[in-house]
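The chains carry the letters A, B, C, D, E, F and G, assigned in the order they are written, with residues numbered from 1 in each.
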Amino acid sequence: MEYVYAALILNETGAEINEDNLTNVLDAAEVDVEESRVKALVAALEDVDIEEAVEQAAAVPAGGAAAPA
Amino acid sequence: MEYVYAALILNETGAEINEDNLTNVLDAAEVDVEESRVKALVAALEDVDIEEAVEQAAAVPAGGAAAPA
Amino acid sequence: MEYVYAALILNETGAEINEDNLTNVLDAAEVDVEESRVKALVAALEDVDIEEAVEQAAAVPAGGAAAPA
Amino acid sequence: MEYVYAALILNETGAEINEDNLTNVLDAAEVDVEESRVKALVAALEDVDIEEAVEQAAAVPAGGAAAPA
Amino acid sequence: MEYVYAALILNETGAEINEDNLTNVLDAAEVDVEESRVKALVAALEDVDIEEAVEQAAAVPAGGAAAPA
Amino acid sequence: MEYVYAALILNETGAEINEDNLTNVLDAAEVDVEESRVKALVAALEDVDIEEAVEQAAAVPAGGAAAPA
Amino acid sequence: MSAERKTETIPQWKKEEVDDLVETLGEYDSVGIVDITGIPSRQLQKMRANLHGTAELRVSRNTLMHRALDEVQDGLEDLEQYIGGQVGLIGTNDNPFALYKQLEASKTAAPINAGEVAPNDIVIPEGDTGMDPGQFVGELQAVGAEARIQEGSIQVMADSTVLEAGETVDDQLANVLGELGIEPKEVGLDLRAVFADGVLFEPEELELDVEEYQADIEAAVAGARNLSINAVYPTAQTVSALLGKGAGEAKSVGLQAAIEDEELMPDLISKADGQVRALAAQIDDPEALPEELQD
């Protein structure tokens, strides 16, 4: 999950979630950074609205299996 | 939130969650680090079982609707 | 489940879920493909809305994703 | 998700989940394979017990069957 | 599902679940029997403990029988 | 349950669930058919909405708790 | 052969009656003996009319019915043991279970008279009798009902069995039951036995528990679904569930491995956010937390 956490830190600071920035954060935590995962993460996040995803998480009680519609 | 994410990254990598390490990670994300907050977080986490806390949250709420088609 | 996974891959790529395509995917994974099972799967899928089935699964909280990696 | 499905097929057949095998399966499904995603997938799965993760999914009604009344 | 029901009848009577027996039962019900579906069923049931598979809710954590190859 | 399975096969094929048809199916499975049970089943099914029962069963994951042997 | 012999020993009208009965019996797949004790003939006519189209009721002398059943043989002679008292023959091409159900459904309640034997336990039900306080409360108590005066009327406090099956109703009880309008008798054609396609059924075998059958069907369907899914044998009805299962498994693996897949991202972000909140919840010092994570 460290790659995801790194992306979320950047999201909080308002920095761009790109390969360089992610790598910097992970490097600083002495993660043995795999370039491919960084690339894949950037690509995967391209069309994702992080704020929205976070809000939805907050809307659902964590731990509780939400009843499917 | 970024302080807590930074702590989670360190937790994943197995690095010690201390002031230096947190500051490094946050610096790398170009966070304007507040020393007092880092101190407080390190102190607060001393008595917390991070693994346990993280696992409790792990029953992931589905962001189903957010899934790209 | 490998036959089902193969159908799901084809569904994602937009390729037709027919005997040839399923067999190709399974062959590539060196599955000892049983033609009858491929046929049965294709037959069963005939009137099914795959998107709907997949989306319903996605809407359900994934089972407690315990120990984070 | 086609990359993940490909990994699950290999997991079922007992084949190694490596770049070559994944690429073969995805090629067969005529996926336009991105090498970095394959690499990232292999890396991400390295420390995960796939069997366990698959079984955990089963804790949730597949197909979104609502809780029994 | 008629093929599955036919297999279950044979299972109850203790008769072997093979192509001939399944075909006989389905023929008697004037099902337009598809050989491939019969074959596929026999193949699918080969390594399955039918009693257990019948009783175990399909959507419940797999103790072992859940995902036979 | 073989009598019920036989009725369900007939239900799927759209054949009438009468004594003759049930007996044929059970005979084919070499069940030592008890005429009285066949008669009782036919009579009982007159008052049971099979479709409804089928839907009911499909909506609820059967088996309840995981009970892997 | 035997029929020939019997015709010599009985009057012509009896012979004709037996022949007629034999002919009737031959028309039906199922033949039964019904008890018609205590049914007035006019009511019997009505019942006969109601059965029209599904069953035929024939009432004759018991000796002649014996003779007719004996003559047909084929197992019908087994029914002779049920002839006794006031009975009739009933024939139907319906399923005997359906016949039984129809006969049971057509039974009507009737008052019971002094001197009659209770066919079943007689119960005075709990509730307000609606009667004004008076000596009736004593009568109720005398027959064994738990009665008392409450809120201005006579009330029975609990279901009270005042006579058990097989016991004889006395004047006092008949009177009380009459006052209350309780009709403990079920009057109607009472099936004693049916012979259907070679099988003899007694009433207890003819009473079907439809709910149990329904439950069996549900269990059978559910079992078949389980088998289909667990054995990964897709059918039109279960292939959706299998696809869902596969998708769910992929999702679970994807989330656990934090696979960088577009589809998984929203859930992974949710997961991370949930973890942050869960961890923050363990932290007491507000100084350590940003505002949005403080309680």
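Quick note on the criterion: a residue touches a chain if its C-beta (ideal position, glycine included) is under 8 Å from a C-beta of that chain, and two chains touch if they have at least 3 such contacts.
What you are looking at is a predicted structure, and each value in this text was computed from that prediction instead of being measured.
Farthest chain from chain F (centres taken as the mean of C-alpha atoms): B. Sharing over half of its contact pairs with A-B by residue number, the repeated interface among C-D, C-E or A-D is C-D.
Each chain's centre was taken as the mean of its CA atoms, and the one lying most distant from chain D is G.
Here the CA centre of chain B is 64 Å from the CA centre of chain G.
Put simply, the C-alpha centre of chain E and that of chain G have 34 angstrom between them.
Mean C-alpha positions place chain E and chain F at a centre distance of 15 Å.
The set of chain D residues that touch two or more partner chains comprises 1, 5, 8, 12-13, 37, 40-41, 44, 47-48, 53-54, 56-66. Annotation for chain G: residues 220-221, 223-226, 229, 232-233, 235-238, 240-252, 255-258, 260-264, 266-267, 269-272, 274-275, 277-278 touch two or more other chains.
Listing the residues of chain G that touch chain E in their complex gives 220-221, 223-233, 235-238, 241, 245. If you check the complex, the residues on chain G that touch chain C are 232-236, 238-252, 255-258, 263, 267, 271, 275. Chain E makes touch with chain F in their complex at residues 1-2, 5-6, 8-10, 12-13, 15, 21, 24-31, 49, 52, 55-66. Interface residues of chain E facing chain G in the complex, by the touch rule stated above, are 1, 3-5, 7-8, 40-41, 44-45, 48, 50, 53-59, 65-68.
On the side of chain C, the complex with chain E involves touching residues 1-2, 34-37, 39-41, 43, 63.
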